[in-house]
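A, B, C and D label the chains in the order they appear, each numbered from 1.
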Amino acid sequence: MSAHPVAAVTSPSTWAFIEDKFRPHAKEMLAKLVDFVQNEVVPAERVYLAQIPSDPATRWQTIPPILEELKAKARKLGLWNMFLSKTHYPDVGVDLTNLEYAVMAEVMGRTGALASMATNCAAPDTGNMEVFARYGTPTQKKAWLVDLMAGKTRSSFAMTERFVASSDATNIKTSIRKEGNDIVINGHKWWISGAGDPRCAVHLVMGKSDPNNPDRYQQQSIVIVPANTPGVKVIRPMTVFGYDDAPEGHCEVIYENVRVPESNLIAGWGRGFEVIQGRLGPGRIHHCMRSIGLAQRALDIMIERITDPTRKTFGKHLYEHGTIVQNVALSRAEIESARLLVLSAAHQIDKARAKGAMKEIGIAKFVVPSMALGVVDRAMQSFGAEGLSQDTPLAYFYSGLRQLRYADGPDEVHIQQIGRKEIGRAPELKKLSEAAAQKEKQLFAEAGLKARL
Amino acid sequence: MSAHPVAAVTSPSTWAFIEDKFRPHAKEMLAKLVDFVQNEVVPAERVYLAQIPSDPATRWQTIPPILEELKAKARKLGLWNMFLSKTHYPDVGVDLTNLEYAVMAEVMGRTGALASMATNCAAPDTGNMEVFARYGTPTQKKAWLVDLMAGKTRSSFAMTERFVASSDATNIKTSIRKEGNDIVINGHKWWISGAGDPRCAVHLVMGKSDPNNPDRYQQQSIVIVPANTPGVKVIRPMTVFGYDDAPEGHCEVIYENVRVPESNLIAGWGRGFEVIQGRLGPGRIHHCMRSIGLAQRALDIMIERITDPTRKTFGKHLYEHGTIVQNVALSRAEIESARLLVLSAAHQIDKARAKGAMKEIGIAKFVVPSMALGVVDRAMQSFGAEGLSQDTPLAYFYSGLRQLRYADGPDEVHIQQIGRKEIGRAPELKKLSEAAAQKEKQLFAEAGLKARL
Amino acid sequence: MSAHPVAAVTSPSTWAFIEDKFRPHAKEMLAKLVDFVQNEVVPAERVYLAQIPSDPATRWQTIPPILEELKAKARKLGLWNMFLSKTHYPDVGVDLTNLEYAVMAEVMGRTGALASMATNCAAPDTGNMEVFARYGTPTQKKAWLVDLMAGKTRSSFAMTERFVASSDATNIKTSIRKEGNDIVINGHKWWISGAGDPRCAVHLVMGKSDPNNPDRYQQQSIVIVPANTPGVKVIRPMTVFGYDDAPEGHCEVIYENVRVPESNLIAGWGRGFEVIQGRLGPGRIHHCMRSIGLAQRALDIMIERITDPTRKTFGKHLYEHGTIVQNVALSRAEIESARLLVLSAAHQIDKARAKGAMKEIGIAKFVVPSMALGVVDRAMQSFGAEGLSQDTPLAYFYSGLRQLRYADGPDEVHIQQIGRKEIGRAPELKKLSEAAAQKEKQLFAEAGLKARL
Amino acid sequence: MSAHPVAAVTSPSTWAFIEDKFRPHAKEMLAKLVDFVQNEVVPAERVYLAQIPSDPATRWQTIPPILEELKAKARKLGLWNMFLSKTHYPDVGVDLTNLEYAVMAEVMGRTGALASMATNCAAPDTGNMEVFARYGTPTQKKAWLVDLMAGKTRSSFAMTERFVASSDATNIKTSIRKEGNDIVINGHKWWISGAGDPRCAVHLVMGKSDPNNPDRYQQQSIVIVPANTPGVKVIRPMTVFGYDDAPEGHCEVIYENVRVPESNLIAGWGRGFEVIQGRLGPGRIHHCMRSIGLAQRALDIMIERITDPTRKTFGKHLYEHGTIVQNVALSRAEIESARLLVLSAAHQIDKARAKGAMKEIGIAKFVVPSMALGVVDRAMQSFGAEGLSQDTPLAYFYSGLRQLRYADGPDEVHIQQIGRKEIGRAPELKKLSEAAAQKEKQLFAEAGLKARL
């Protein structure tokens, strides 16, 4: 069996199944990452939380120092910006396939977002850096991409709007208007992740620049807005369950007569939809793999709990009661299936780009969060009240996963899309059936039997 | 169809099914309650939340004034202490059957805990008042029960312990020791609801007074501890999915050499288990009915959302997409079934006391919270991100319901108990089968057929 | 606790919950029925099956003699035609409410269809007798209803068509044409229950008599066709899983130039839809109650199996392994909920007729068969291979229940209808919300707080 | 994308994921097999059924001629005995890895058992041939293996016993007794697959030869019993959901003083358990892959149905109603996950033999049949009544899959075993946690924070 350390924190048999698709340098990087996550990031989790003040006055002004220490270590180890693929971004990218990075995303996911932040691989910066790398002018890159890639600043992507059914992005109302050499923005957004963070240097704001364009997918543009531009008003953090995710936050933001030079336009007028499309495919897979890492971690925590000799009740270990063994078995099976599903989708992206992997990505998108929620819920149940509290990471894991069931399109939408795609196989299936029916008729005749109606 | 206003906020057909079990005065009280909850409490929900400061310095010192206003109104309307049954507490109780009160509990549950607090029917005070009413000496009653029943003070029940597998209550470690005419208490509790509240006047503390007693159910006693007794240290509030439930809180509390007079003993030495048993049955049914009210409210909120014309996407109302209609239908069916189940259990308590309704109560206990969680989850999903935030009550509802899956015994324990009870029907079933087999043999013979092996 | 014998074969607490709605004569009849089913029908089940030949030559010509013996006993006991309500059919009906009959249907359902056949309460005769009783002319009644009610003959209802998407009944293609004083019928039906039975005397055939009528619900008529009319061709029995349900069968039937006098028309030209509507509501409830009886029987059988000392494995009873106790508890809870749901729907029919109980009936229709299938599946699993075989009734129960998930409208259709009905509460809910919002605004103002956006 | 024809009948992305593990000759064989199954076996399915008489007198005496024709074609194409791995049986085996054969098993599974029978890869012969190949003496091989491998005869494996809880194989009661140079067998078995078949030449009978051996796993032996030996009494076929599976059958068989020479002993006295262990691992994977083929076929059939323009209701295709699109999407996702899970298990067997893949095999064993049942059930539902009848293969598929939930150990047993194995990771997890706790303590100290309790 493989001796690679990733086997111990994921699945030995799945690793054996995909190991031959990993190149030596990726294996080496993965080994370093496993060590870093287990021995540096996991032990830092509670320190990080303890360094965030509860006082509302300072809570949103403080970056936990331990994070900066982790970042320094990660960068030194070469565990930095791994999300940015050399294939698509030859000048700044890292030489990893989607499959190779997918496994790394699972390993990082074991700590929620902390390992991703420590390695500069955290959303929404990842997608924003991709946008700058792909569409940015040299000036734009110099102004924003360099510091983002160095982990010196952070960023937001402002799309979702309050009072708007924004899962249909053509509903967007924010106005982006040219005025001389300037662009003027007015809009009411919310759920803008990272906008509360003192390090947040820049927002990418999507809005309607051409609302009357007959092509609904050409009405939108995206503009770079420095966070300190006058008129950018961060109203409040939205909570998810009772968490505010300080200091990043998911904020309500009003853009009131925000004025920036036209050179802040991304890609060109009317290309907003095209730009966001590029953000989607692989990013969804990374979300899924992180969720799997989180589910695996929850199962590991659960196993420790149910075998803890100090938690015996009525003379038995917890795992000897009721249906707990079953819960462990089902959780293991579900994690294992989901992991293979997502890895196969990642591989498909490597073979056929995101466009050729839409079905696989869509399936992963609706399968994984629900699966992971189920696993975390069972783990919480094994802890009783403690499982819902600040003394385990489980309830917070749950809250993060629950968002993924609507973020970037609710489950229901993806299920419909995949169902329709699958139904699209009908003509091909019909052709096969008709050929078989032809042959069947002949066989009945040869057998001297009357074919059924 | 019945014109009683309760039909509109519960189920017209279920109301028709049980209406003949309601006495006139109970119907009248119920009608007042529906009006009070819908027209006073629901509109006050957000005011209540807005009156709780976010600053940690004052957050735990403030009672939202709107609550006191609601309490005054409720008391004036005679909607007060309805939980305390005249059957069991003839001198202080209210003349309602369990079934009658069950429907009221659903109506109050629509607002989470707010209506219960407004009518002085909120846990843990309800159980504590029952303990005082049943076991209290005249002095104890005068000292604590009078103010509790008047809604002037609140109280805690301290059972669950940190570092102890407390779902087996015989594991309790807190020491209760007689010392002269005093009782000295040392222990480390947590999840002590209400202990953070400035109104909390008294704790009932359960511990081991006779740890070597061969009968494990005689080792425990319960002692009255005034909240301001030296040595009572409220350490921190535990959070549930990020919520701290200020100002009541679910607190970690250390009792360090807490000394009270022996007259503070409840019921007598070694009677702790007996006392807590009495707290269980009907209280579980009330929890269930409140959960059903909450689920019904979530469904109502969901229906408003999915029919909101401003939320159209791709030219259709939300309910015209995917599986939302199905979700509504399933939610309705599940709420309706669960409500009938709990009402039938409440009726069974009225017929045969809690002891004769253990199976029905146990079934309700493990069916209802999971059902309600599913309904609330679907409602949250129909709101997208907003459903998880502070802008709807849904995520907070979810967090409250999730606790009920382990509070007062985890689902798994109740499922095992009910399963065993049901399996206990085996001898009776075997007798019926043997009689049938006898008769079958005779019929085969009469028919001239060889009976099968 | 109630001493009525029905408590032992259903649920003591549910019986206690509804007992006061039973009139004395209904209670007495119910007691007789319980005795008859348990002591006469259950012991006869295997005799009945053994009396059906396996030889295809005689299999469809034989009525098991034991059935006629049971019928004689039932009739003598007054357990006869209980399905026909005196309320709707004052001259021939039995004085039972829907609720009273519902409980009887559960008791009969314990034996699948055998007890229903023994008491002349079996489909499709029940619906057909209702049609004759309600719409039949005196001549028609004399010719067909008298013998049906005496249990001397049986009957079929021919609606479903081959090669037609018949869950939309307006798709029906069978032609019903007036020709002089005759009616001529041509059509290709299948799934015609009872058409294979040697006792089947008459078919009620639905078809299009006015295919161009602009009102799609006026195009159909129903005609009485004696089973031995020339041109009535019973092609083959359809199987359900591997069961052919001999001797009744669910048959493919071709009507080829079938000619009957115009006096065989039911109700009048173009009234086909109206007639079938009347067959639906209460009949669905009876199906549901029989399914509950069957599920309860499966659970009873399962409990006997898992406590059988001869089935021990690895030194333990079956019920001491894995998740079997849980399966028993869940089954009990699901049966109990579903029973209450259907009884409440039956009561609603009594209060508001079928029309006023459409929501309750629809919920029962989609909840109960799936529930019962789950219970039977668990019971099968506890028997291993034997549970799927001819040595227990379970697999046959399963097959019967599985049909109910599409018979009389697939689950999906009912779920959609109920969902839409429930969503129809939106305007009423909106009104309540707006009133609350008004009041909330006032409360915020009174509290000196700025209301949220 | 791969142009291999297997992609069209399985999953293009999964095929791309594993293609590099297929050797050229295996790819070629697979392509032939896909062609053979789709163009020869599928068209022959109904002919095969039509050639089995319904008359009980001849039903068990007839081998459908079309099967022999298919066998001749398959053998000519080299599609023969692919189940027998060259790795384990170098002299007679076929050069395929478990992974390579697994994909072939899926393709064959699309037709239920027919393609497996046509290629001489059908149970129980497969396991029996493995036993002969591994343990048989030259004489035994010559007498039985040669004809079995040539597809001239068939065979049975007699283990399960009536009146015995045989999922614990140590409960077996059949007596195997040495008497001079003979072996005398007495026992009552059932569910003996293939024993009804006129081609069945030989039974392998397991029983107790040393019931008092203190090692419960050394009490059993296996003996070769020619099917025509006096005392071998085939009593009746057991049915599964009404199907008798003629002409093979799953029979009740009594062995009454059956006498064979001692040279008919397999492997040696007391080695019965060892022999059956060898039959288990890979065979389970093959069952799983066949089930996946069957589920995929059911989904394909469903897609054809729901897009059939002649099945429109209320003006819409079936797939445009309710939740059918969702059902398709979920089915696709479940099949895809399960396929990857089983392929990964097959690969694990190739890497680490069955012993090193027990967890992966066990997971596949309990995941796949339930998954496939769900898919087939949805497909049945889309057909209405027809889906349960003889006019689609779906109900028969369902019946076959349902058996797999207990065959070779019920789901519950496998779930417990896998759960326990997974819990066995606890010590390793504890070690990791303790290391992390150590480091965390240090980090808190460095940060100048008080570590939490």
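The working rule: contacts are C-beta pairs under 8 Å (C-beta built on N, C-alpha and C of every residue); 3 or more make two chains touch, one makes a residue touch a chain.
The chain list, named the UniProt way, goes like this: A, B, C, D = Acyl-CoA dehydrogenase NM domain-like protein.
Note that the coordinates shown come from a computational prediction; the quantities given were computed from them, not determined experimentally.
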Relative to subunit C, the most remote chain by C-alpha centroid is chain A
Field rot_deg for pair subunit B/subunit C, CA superposition, rounded to the nearest 5 degrees, holds 180
Subunit A to subunit D, mean C-alpha position gap in Å, rounds to 39
Chain centres from averaged Cα atoms put subunit A and subunit B apart, in whole Å, by 38
In subunit D, the residues touching two or more other chains are 322-326, 391, 415-416
Subunit C residues touching subunit A in their complex are 322-323, 325-326
Per the touch rule above, subunit A residues touching subunit B in the complex are 54-56, 160, 163, 165, 167-168, 171, 190-191, 238-244, 250, 310-314, 318, 321-324, 380-381, 384-385, 388-391, 395-396, 398-399, 402-403, 405-407, 410-413, 415-416
In the complex, subunit D touches subunit A at residues 1, 8, 13-14, 16-17, 20, 38-40, 42-47, 50-51, 65-66, 299-300, 303-304, 306-307, 319, 324-330, 332-333, 336-338, 340-341, 343-345, 347-348, 351-352, 356-357, 359-360, 363, 366-367, 391, 415-416, 418-420, 422-423, 425-426, 428-430, 432-433, 435-440, 442-444, 447, 449, 452
